[in-house]
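I've put the structures underneath this note.
In the two complexes below, subunit A is the common chain; its partner is subunit B in one and subunit C in the other.
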Partner chain A sequence: MTQLAFPDLTLALPEIFLAAAAMVLLMLGVFSRESAAARTVSYASILVLLFTIVMVGLVTDGRAVTFGGTFIVDTFAVYMKALVLLSAAAAILMSREYLETNKIFRFEFPVLVVLAALGMLMMISANDLIALYLGIELQSLSLYVIASFQRDSSRSAEAGLKYFVLGALASGLLLYGMSLVYGFSGSTGFDALAKLFHGDAEHGVPLGVTIGIVFIIAGLAFKVSAVPFHMWTPDVYEGAPTPVTALFAVAPKIAAMALFIRIMVGPFGDLSDQWQQVIIFISVASMLLGAFAAINQTNIKRLMAYSSIGNMGYALIGLAAAGHSGDAEISASGVEGMLVYLAIYMFMNIGTFACILLMRRQGRHVEDISALAGLGKSNPALALALGIFMFSMAGIPPLAGFLGKLYVFQAAIRAELFTLAIIGVLASVVAAFYYLRIVKIMYFDAPEEEFDGPVSFEMKSILVVSSIFILFFILLPVPLLDSAAAATASLFN
Partner chain B sequence: MYLAAVFLPLIGAIIAGVLAFAKHGAEDRGPGLDRAAQWVTSGAMLLAAVAAIFALMDIVSGGNTQAVEIFTWIDSGSLEFSWELRSDTLSIVMVTMVTVVSSMIHVYSIGYMGHDPGIPRFMGYLSLFTFFMLMLVSANNLVQLFFGWEGVGLASYLLIGFWYDRPAANAAAIKAFVVNRVGDFGFALGIFATFMLFDSVSFDTIFGLAGEKAGATMQVFGGEFHALTVICLLLFVGAMGKSAQLGLHTWLPDAMEGPTPVSALIHAATMVTAGVFMVARLSPLFEQSEIALNVVVIVGASTAIFAATIGCVQNDIKRVIAYSTMSQLGYMFFALGVSAYSAGMFHLITHAFFKALLFLGAGSVIHAMSDEQDMRKMGGLYKLIPVTYVLMWIGSLALAGIWPFAGFFSKDIVLEAAFAANTGVGQYAFWLGIVAAFLTAFYSWRLLIMTFHGTSRADEVTLAHVHESPKVMLIPLAVLALGAIFAGFALFTFFVGEAAPEFWGNSLFVLESHKALEDAHHVPLWVKFAPLVVGLAGILLAYVMYMFAPDLPKALASGFARTYRFVLNKWYFDELYDILFVRPAFVLGRGFWKSGDGDLIDGVGPDGIAAAVRDIARRAGAVQSGYLYHYAFAMLLGIAGLVTWFLVVGG
Partner chain C sequence: MIVQALAFYLFAIMTVAAAVMVVSARNPVHSVLFLILAFFNSAALFVLLGAEFLAMILVVVYVGAVAVLFMFVVMMLDISFAELREGFLQYLPLGGIIGLILLLELAIVLGGFVFSPEASEHFAAPIPKGGAVSNTEALGEIIYTNYVYFFEAAGMILLVAMIGAIVLTHRTRSGVHKQRISDQINRRPEDTVEVKDVPTGSGI
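For the complex of A and B:
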């Protein structure tokens, strides 16, 4: 056994900072006055998360590994970490009002979000099956807890429990797949696996590896709530406190997608013939289910659950295109489309959940879609913002959501996945129905009672920023496209 | 000059259009905007008319000049042409006639439409129409001609339906549009065929090659046909539609639902002559096809007599003139058909003056009678509106072809040319023309007598309001009356007399062997006098029947009840078309709508898909039971399915 050199800690500095900060925040909460603790820790966590983004950005560009090759830092990781941290910060920012109204505004909430974010950063930087698993578990454990954060509500407890049990099952599947891959290849490191499978496309790989990959896909598909591993999503989304749902809809999805991309185009990149079909299947199934099952929903959080299932389907189109064997440029365009899609998805979802969090009547949060009736008259600004998000999700040009779909569809066309692209377009037609129905309810139905005011500054700023991004992305798409391209390039070197 | 004449009306139309929109928002400023629209459009038209007269002087003194190119329109493969204003005698003559008559009608409309709420819109439409008509007559290629052609169709639709709150006006507008579509379909096919044969649509190229292609044939529905005959017949279908010739004429009488200045402008002086102009313009093509020319003669002559018979029994003052217009258009066509293009054009110009005069005079009568159009409720008006009376006399004298009024010269030369053609169809045209001339004189005086003489049959209230029209209406009438009196006398030499060859230059083309016009000057004396004699006879008969023996018409009507009803019902053309085309179209449309669109497309398409989506959505939602073990089971099922798939298919 060779003597391992002491690992280069600088590469993992953001993660180390975040871990330390989480503990400091915990202490801060414990030793603050009880009345102010939650508020102080909330804002401190947001600052910590934002500062971590800066650190992430500073650490590197290019590609470097540490901890014996199990931890990787590249432009791709930077891009994904920035999205994750941003959405986690937004989720905390949005949570205050809701938690206060429901009398569960405690300082543990932001700390748990910070810990979950730490897990997600680990996932994104994982370069080894074990590291991957550690990241996922850290993230998941934090999320299980905050899903049932509203302890005295049976719905919230049920959501947490369901998520936990099914999550454990998914982890089991994932571990089983990993052990199969390890058993048939003798390695857990991504670089080693990539080297091992290189050129294996022609003469095939052991069946155990293939089955292992399918199990790993199943485990990850659970995290991104892709069909048929999506069943937990509507129940958990509906049962969990709304800010938690907002977090669920964005940050873990992005982290899991990052992992999905890294593992599929990395170690298993040369085995794309083995997994492309699976990805296509779950992509199609997710898009269709997301489109159809949402139609009959009356609860807006449930509707958003199906919407995110559908959206993950669209994002997976990019991954399917990335599975194009042979031309690396086409594979890259698939990943690039996915990265752009996820960034746009983040803004749309944060904005939409901000709107949902503002649906309050007489001090109580309402979740029925019909409660939006007449919002166009009673609160035109909020209706306009929600209208923009809905039109964008429906993929109406020139809003950002249209461009996001356009990029993944283009990638699919380049990869000659015509059927997939056509199903995608058709599914988005069906999905447009329920997005536009919300617009219709807001503007054409007889007004109901007004929502409680006033809208707080943090909500206003979230709504303004995300709607401006959605509206005007088309005018200046280059920065995002360029960073997505750079992130993709670091992955394919 | 030329450019100004063509584009001033467009500028006027745009300004009037803006004013119409402005008025929409601000009713209180209405009168001011109305005045502005009237002055701008009328002013622009008068300037255009002056410009056109100068352009005409130019052409007369300087001979034919080249076209004015504005810019390239289409350049695609071998299909290449520009927006161009052709400046030869034929175009300039038409431009002058259109601008002069139109400007008179603009001025007249200031008075006639003075109390209408939609003045800017009306003036804008009139100017727009004039612009399109000018584009039509100044076109230097078939497509630009077609542009103007469709443009006047649009403007005429808008103007006939100007009073859009009247169902009859809307119906008439739609009828005019649809019937014209039939003609335009033929015209469009004609243009396609021309392009196929000549690989060009610009006049210079086509005319240059027409002689070469005289023997060419083309495939139509599997048969081999003489190419130019096919082209000319198709184009003539278009001309028939626009000029309301027998078969495609049914829209013209109904179009009288529009305001009277519209009837004068569109349905007398300008638009309906577009077909005549088109045939004259394409004389180099028509000359190469004996069959097409004969068809033109037969259709023209038949229309002349057909419309004249109906004109004799109509009671609506405007409809009498409308049928008279049809009949006179028939004259023009058979003149063209016997290769006497200049004679046809001559009649077109004189007719424009006296028919516009008659229409506007009728408008003046209607104006005086508080919008009454039925001649049976008129009578004895000559003392009350003497100026209109005199003007109507002048118009009628010109129409009936009494020396020295304009119609005498042009109708004579037309009939003489038909006789001199010395062919079967020529004789057919000549004799029908003579009979039609007799009927023309008869119905003209029937109109005069029923309207102005005898005892009044109007009610007291209407009579109390009868007043002579204001000067703004009478002055244009006087100008047109001058035209109706002197145009024939003054223009004879240029159009068909000794100066004709020099005047027309190369804008009209006649084969050496077609000598009808030349021979027309040397026909027997009785032929020269026949139109005048029958005209006088017609007038005499009208006096006998409507002044001296007023019971005679009734006796005749009951004595020949069947014939009377046949003619009164316009030879049952409308009824025939209703059975042949309109009703089957409705049945077909209803079938497509109810079973085709409703049951099939909607049923399977939108409704069917929507129902299916609803169904799938219900099922997809139902899977979500809420039980944890269901969810876990679904996941295991999923992984088992994927693995199995791999083992069976992928592995």
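For the complex of A and C:
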């Protein structure tokens, strides 16, 4: 037997740290006093997540693999991991008040979020089909549990169960696709697959590989809740506790999109003729459904669910453009647009959910859109923040949401996907209707009772940071654009 | 060769027959027992294929753990299986058609089954030539070395499953009396005993 080199653990240091920290946090929660446990573990896990961002930033140098090529660290991974960790930390920060009012503030919540974040980091760094699957399962399993964290509420339990059953189905589809790809190619490693499929576009691809790719796309589309695999989204978003919904809307989607990009432009990059059509269809269907189905919603969490379906449609425009065969520069511009879009999407969603979490009357959280009536008079600051997020989501210049859409549409036009770009613009016009309706309700409808005060420091800081980002991104877009460009470049070399 | 073929048909027929009985048996406990029979026969099929490790896993995990768990669930939950099966015939035509379509699709996929010519050069962990190692040994050699990352990741997933099960079901029961030794030792006579001076003959 040949002696195997010991894997380079330094590359996986952030993940190892996060795994160890999750276990330490668990012990901390179990052994500290019951009354203080949840609060201590909550703040400790935010620190752990922020420290992991620093570690993620430190370990990179270009592109490196470890564990026999199954684990990859590159600038793309660093960018995506930073987004995921930031949104997970924000979700924990936002959760305290809600969980306390609903009497479900237990220390397992932050621990499960940390474990989910670990799963997401593993997804982003996956360079092998098995690593991909294990990352997805670690992430999903933690999320299923926190979806039904409010276990005395039947809606929360239903949300968790629905998510679990449909998620298991999606995992089945994904595994089936992966086994087909493995069966027809003999390898699970992304590098080996890329080498194998290189130049395959000319002399035809085995049918099994095509079917496998379609199944993998179906499984991943479920994870980003793109049409036609979106059915679970509104119910799960509505039923799950609001801070959990805030997490669902951001972190897992960014991680799954990272996986989508990595697997499509990596091993299957030369087979883009096989998957570009599928992505275009998913993207168009998501944008249209997100635009039209949200119009009739009265619950703001359901509205955000449809909005996130639509937003994933816009992000997938970038991936469709990345499927442009021939010119690597055009493909790169698609991925770059997508990365910028996802970063802006993260800030908009975290801000909006912070506003939703502040909708409290007499110590109870309300979720009806009509409850926002007259907010412009009763709480001008909150109304202004929510107004900024809504205008940004609707894509009104000069807010950040406009620029995000602009970059993906530009990429689509460069890749000559004119129909896709036009449908995207039209869908965003329709979607503007329901975003602006919220602004209208806040400023022009007869005022209702005031929301409960006072706003805690955590919430204030989240609202201020995200609205400043959205408002002033246009003045200083260079740092984000540069890092997105660097991330894309590391993917295409 | 003929013995192998005979064994294959024996085990295959037994598997299918046991699987049919799982669905059609009236008594749920019998269903579970037939399920165990089906597992054993599929394990035998794996042995015929030369995959003795999978056969062992099937017996240990599915027969040893999963089937016993099923048995517990069937016996503990009061489910009327006759009621569940009531609409069975009603949905048979639709289910049958869907099954047929899936079968045809599988036939199409398998009909076009061509291995990529370069596939064998890309095997991530090729089987050692000449049958020098059994496949249990071959798996054992890579699972803790090449695939140690996957092994650890699977461990994390199991940890999450455990935390999840506890989070979703564990309740602290109120009204449970526990012995608190420090409280008992710290009790002082002054806190609990009051000495009253009762005048003689007046009562309390």
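The rule we apply is simple: the second predicted complex is superposed on the first by the 490 of 493 C-alpha atoms of A that agree within 3 Å, B and C clash if a C-alpha of one lies under 4 Å from a C-alpha of the other, contacts with A are read in each partner's own complex, and residues count from 1 in each chain.
Going forward, a residue touches a chain if its C-beta (ideal position, glycine included) is under 8 Å from a C-beta of that chain, and two chains touch if they have at least 3 such contacts.
Remember, it's a predicted structure, so these values are computed and weren't measured experimentally.
**Student:** Could you say whether A:Val145 touches subunit B, subunit C, both of them, or neither, answering first, second, both or neither?
**Tutor:** In the superposed model, A:Val145 contacts subunit C only, not subunit B.
**Student:** Now for A:Thr70: first (subunit B), second (subunit C), both, or neither, which partner does it touch?
**Tutor:** Only subunit C; A:Thr70 stays clear of subunit B.
**Student:** Quick check for you: in the superposed arrangement, does A:Phe17 touch first (subunit B), second (subunit C), both or neither?
**Tutor:** neither
**Student:** With the two structures laid over each other on chain A, which partner does A:Phe51 touch: subunit B (first), subunit C (second), both, or neither?
**Tutor:** Neither subunit B nor subunit C is touched by A:Phe51.
**Student:** I'd like to know which partner A:Ala218 touches here: subunit B for first, subunit C for second, both or neither.
**Tutor:** After superposing on A, A:Ala218 lies in contact with subunit B but is clear of subunit C.
**Student:** Look at A:Leu289 in the shared chain and tell me whether it touches subunit B only, subunit C only, both, or neither; answer first, second, both or neither.
**Tutor:** Only subunit B is touched by A:Leu289; subunit C is not.
**Student:** Going by the touch definition up top, name the partner, subunit B or subunit C, that contacts more of subunit A.
**Tutor:** C
**Student:** So, A:Tyr443: does it touch subunit B (first), subunit C (second), both, or neither?
**Tutor:** Once the two structures are laid over each other on A, A:Tyr443 reaches no partner at all.
**Student:** A:Phe184 contacts which: subunit B (first), subunit C (second), both, neither?
**Tutor:** second
**Student:** Just subunit B (first), just subunit C (second), both, or neither: which does A:Leu134 touch?
**Tutor:** The second partner, subunit C, only.
**Student:** Go through subunit A and flag every residue that touches subunit B in one model and subunit C in the other.
**Tutor:** 207, 211
**Student:** Within the complex, which stretch of subunit C touches subunit A?
**Tutor:** The touching residues are 109, 112-116, 118-124, 141, 145-150, 153-154, 156-157, 159-161, 163-164, 166-168.
**Student:** In their complex, what parts of subunit B are in touch with subunit A?
**Tutor:** It is residues 613-614, 616-618, 620-621, 623-624, 626, 628, 630-632, 634-635, 637-639, 641-643, 645-647, 649-651 of subunit B that touch subunit A.
**Student:** Which positions of subunit A touch subunit C when the two form their complex?
**Tutor:** Residues of subunit A touching subunit C: 1, 4, 7, 12, 19, 23, 26, 67-68, 70-71, 106, 108, 111-112, 115, 118-119, 122, 130-131, 134-135, 137-138, 141-142, 144-145, 148-149, 151, 160, 184-189, 192, 195-196, 206-209, 211.
**Student:** Using the touch definition from the top, list the residues of subunit A that touch subunit B in their complex.
**Tutor:** So the residues of subunit A in touch with subunit B come to 161-162, 165-166, 169-170, 173, 207, 210-211, 214-215, 217-218, 222, 227-229, 231-232, 234-235, 273-274, 277-278, 281, 289, 292-297, 430, 433.
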